[in-house]
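Input: a single structure, listed below in structure tokens.
Letters are used for the chains, namely A, B and C, taken in the order the chains are written, and counting of residues starts over at 1 for each.
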Amino acid sequence: MSVVQAASSLQLCRIMRPDDANIVGNVHGGTILKMIEEAGCIVGTRHCNTQDGDRCMAALVRVEKTEFLFPVFIGEVAHVTAEITYTSTHSLEVQVQVMSENILTGVKKLANKAALWYVPCSLKNVDKIMDVPPIKYASADQEELGRKRYGAQKMERQETKARIEDVVPPPPNPEDPPKGQHTVGFSQSSLIHLVGPSDCTIHNYVHGGVTMKLMDEVAGIVAARHCRTNIVTASVEAINFHRKIIKGCVVTVTGRLTFASNKSMEIEVFVDASSLMEAGKEKYRAVSAFFTYISLDKANKALPVPPLKIDGEEEKRRFEEGNARYLQSKAKRLAEKERQE
Amino acid sequence: MSVVQAASSLQLCRIMRPDDANIVGNVHGGTILKMIEEAGCIVGTRHCNTQDGDRCMAALVRVEKTEFLFPVFIGEVAHVTAEITYTSTHSLEVQVQVMSENILTGVKKLANKAALWYVPCSLKNVDKIMDVPPIKYASADQEELGRKRYGAQKMERQETKARIEDVVPPPPNPEDPPKGQHTVGFSQSSLIHLVGPSDCTIHNYVHGGVTMKLMDEVAGIVAARHCRTNIVTASVEAINFHRKIIKGCVVTVTGRLTFASNKSMEIEVFVDASSLMEAGKEKYRAVSAFFTYISLDKANKALPVPPLKIDGEEEKRRFEEGNARYLQSKAKRLAEKERQE
Amino acid sequence: MSVVQAASSLQLCRIMRPDDANIVGNVHGGTILKMIEEAGCIVGTRHCNTQDGDRCMAALVRVEKTEFLFPVFIGEVAHVTAEITYTSTHSLEVQVQVMSENILTGVKKLANKAALWYVPCSLKNVDKIMDVPPIKYASADQEELGRKRYGAQKMERQETKARIEDVVPPPPNPEDPPKGQHTVGFSQSSLIHLVGPSDCTIHNYVHGGVTMKLMDEVAGIVAARHCRTNIVTASVEAINFHRKIIKGCVVTVTGRLTFASNKSMEIEVFVDASSLMEAGKEKYRAVSAFFTYISLDKANKALPVPPLKIDGEEEKRRFEEGNARYLQSKAKRLAEKERQE
């Protein structure tokens, strides 16, 4: 019995417990995202420390768009496999696959596939980005494909970074006065969380997976308020982690509906962090992302989603942008399907 | 109390999970108390750091009597709203309200209202109490009412402090020889808990909410052992936190029945702390409080409580004191009801 | 990237968090035991469901003596590898190995090796033991060695079962009157735990790993009270799980020192379960076991253990039995060492 695992890959698994799931037994998307990120963080940190120089920790900077292909249930075992698939000078890509296994029936399903980008931060000085040791590729083609993915994500990260720094978005609207059902204001939700020790890496920064789990929790509340049914995470648009969150911070996570089609809803989620102690330091936007949810009946079949009531120019603009993302995803899915046929 | 998020107010929400509740799905009173205290601690700490001088942490010193108005269930969202409602030179009052929301039906209920008192402790020297920046009151009347509440709680805190220091209560009675059912000894219960990192503030003192959750856990076991039914927390008498508990301590929490009416039971709970590492330091009484529980059938209707079998002078005295508290509460509730009609 | 794992083996890993460890950063033995048992339960349940007939769950019936070879620390990754190594008609043996990996330095250490025995219980009727599908052995020798281990553990299980049923042990001694330092009564400790949903398998029985974690928690408190130093689990004698514990039970876990040598302490731990709801059902002894702890200084070097003050015939008898176990272990270790040289 040996524990041989290549330095650049990792397997991780866990039984899904009641607290991992909603009341009908569907495991939260956030639970899966957290496991994915834990695997990525381990494999990335391990790889970046195979060289001399400062010890470092792989910090999550981006998660590519992720689709939840099959729901996972309480009592099933989720297997997460992570592998480093590309390295640039200062960042690395980890591809992760999640299989759910029903250990009573033996049925296995591909639940999720994701790609994450990490950057190695020195433990001595968290602002110092270390070099990433190169991996070996199976073929020149593999490397070339990786280089393309790297270029594409880099451009997108820079773009959203500029956008965030230009326009600091206004704080979300308060809940009162009470809004009518199916409006944006009606389902908008916020939670706050005081960052604790188990949320953090050994240099006291919040794990990206912890943040994503909180984001999914808020998005789920928004979706359930809108539909009043069993809702599950269908996909998450690419998430860029621009700014780190440290132990002792208070995190405010806010979600609001931007768009609803007949079969799905899109929820925009903002994560704002602020230090409890340092009054001088302002609240800052750490992350934002779009989550797509669907509504399910008791047999796990998709239910129609109530139309979203739009009010004002701002909500209209966001709705149209959401619609564009929706149509783009749909076109992409169709193209892929055709290609496979 | 509106939900505009001034520095002196805060909202927090969370979906209630299976581990937050008992096996019939009623969320533990202790879960609610812990959320209430987390909100109070955040809003208090944030407020006290809006000034120059040492950074500080709001430490809980007192919770006023609290009633659980409606049970909360797994899958519901608990919304906690906290607002600073009075400031003295060295302490502040936070009023907290808990609404439960069934996100499937949209039904919202007021589950709990509480008032907590905090004192800002310097992070550099935990025994140094900092000044509290004054808040602005909506009216002179508001301020005057706050001053009265402040005076009343201060007197009571001093009184209980004197009582505790005068009489160090004897260790609770042992469990053996086996006691007959419905006696005090039969249901008396103790737990010990090793204080861990997630139980603590960033200066390594146990959150008041963590202590209250442990107290409610023991009280619930005592009540269930007496009734052998589904029991829920109905109210908690004012709790004074005289002494802090630090990381690395072992906490012993003991509960015993003091009084039972036809419809409710009163359980006295003691929290004793002792350092595992420091030999010189004795075990000390950190907190004590009275919890009232009721017994519910499957439709959440109140069930009769078995009479408590009293044995000896000491138990008799405690029973009579419990009865006096019971009658006083009852009279107060009736008076309020009449006033409202 | 494939997730190929033989049906009869499994790997599981996780970053160690602050909540998994004591205040000096040593991961609790109980955390490791819980991970070991989770791996065993998954691999055992999966294997027993590769046949027709009722779906079933592998229930832990025994853990062989286990030694903690190297301490694991916060921030390290614990890798657990489990493999089915023997099957009888109605039970199976799982051998588990725990490697700790420091992902900053790349150093890996063997932290623990364990062997667990499981029995498949039908989900329809938990008292019905299912057949176990046979595994293939690498050689006839392998099978023969397995058969010997099977025979040995079976005999020991029957023996302890008879002992438990013959002599229902008295409830542990109470804490008062206060005992002098370094006596048995001084450090004796009890905790109670209300079994929650996350503690249980999908047929609502407590995971063996959850029980072992509670046992280690109490044993650690006893050891720390005796030594007032940093203490860690050194080994656990074989544990037999004779009776199941169901959701909704209250579990009382009690630990007391039985023996101390110059370098180690032995703590006997009892687990008693009782149903909160069902009045007829008595409290029953579910498990008992012996944990050995050592005391460490800041450099993780062994410290001398204060001698145990013995009082009365009963304590003397237990001390001598503990001493016999201690000498036997020591002789066995020496014999193994010689054999290896």
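The rule is simple: contacts are C-beta pairs under 8 Å (C-beta built on N, C-alpha and C of every residue); 3 or more make two chains touch, one makes a residue touch a chain.
Fair warning: this is a prediction, and the values are worked out from it, not measured in the lab.
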Request  = Could you classify the connectivity of these chains, where an edge means two chains touch, as line, ring, star, complete or other?
outcome  = complete
Ask   = Once the Cα atoms of chain A and chain B are superposed, what angle does the rotation have, between 0 and 180 degrees and to the nearest 5?
value = 120
Query = Is the contact between copies chain A and chain C built from the same residues on both sides or from different ones, judged by whether over half of the numbers are shared?
reply = same
Request  = Would you kindly tell me how far, in whole Å, the mean C-alpha position of chain C lies from that of chain A?
outcome  = 37
Request  = Going through chain C residue by residue, note those that touch at least 2 other chains and give them in order.
outcome  = 18-19, 197-198
Task = State the interface residues of chain C toward chain A in the complex, per the touch definition above.
result = 1-3, 5, 9-15, 17-19, 38, 41-42, 45-46, 49-50, 55-56, 74-75, 77, 79, 81, 83, 95, 97, 99, 101, 103-106, 108, 123, 197-198, 201-202
Message = Under the definition above, what is the set of chain B residues touching chain C in their complex?
response = 18-19, 22-23, 170-171, 174-176, 178, 181, 189-194, 196-198, 217-218, 220-221, 224-225, 228-229, 247-248, 250, 276-279
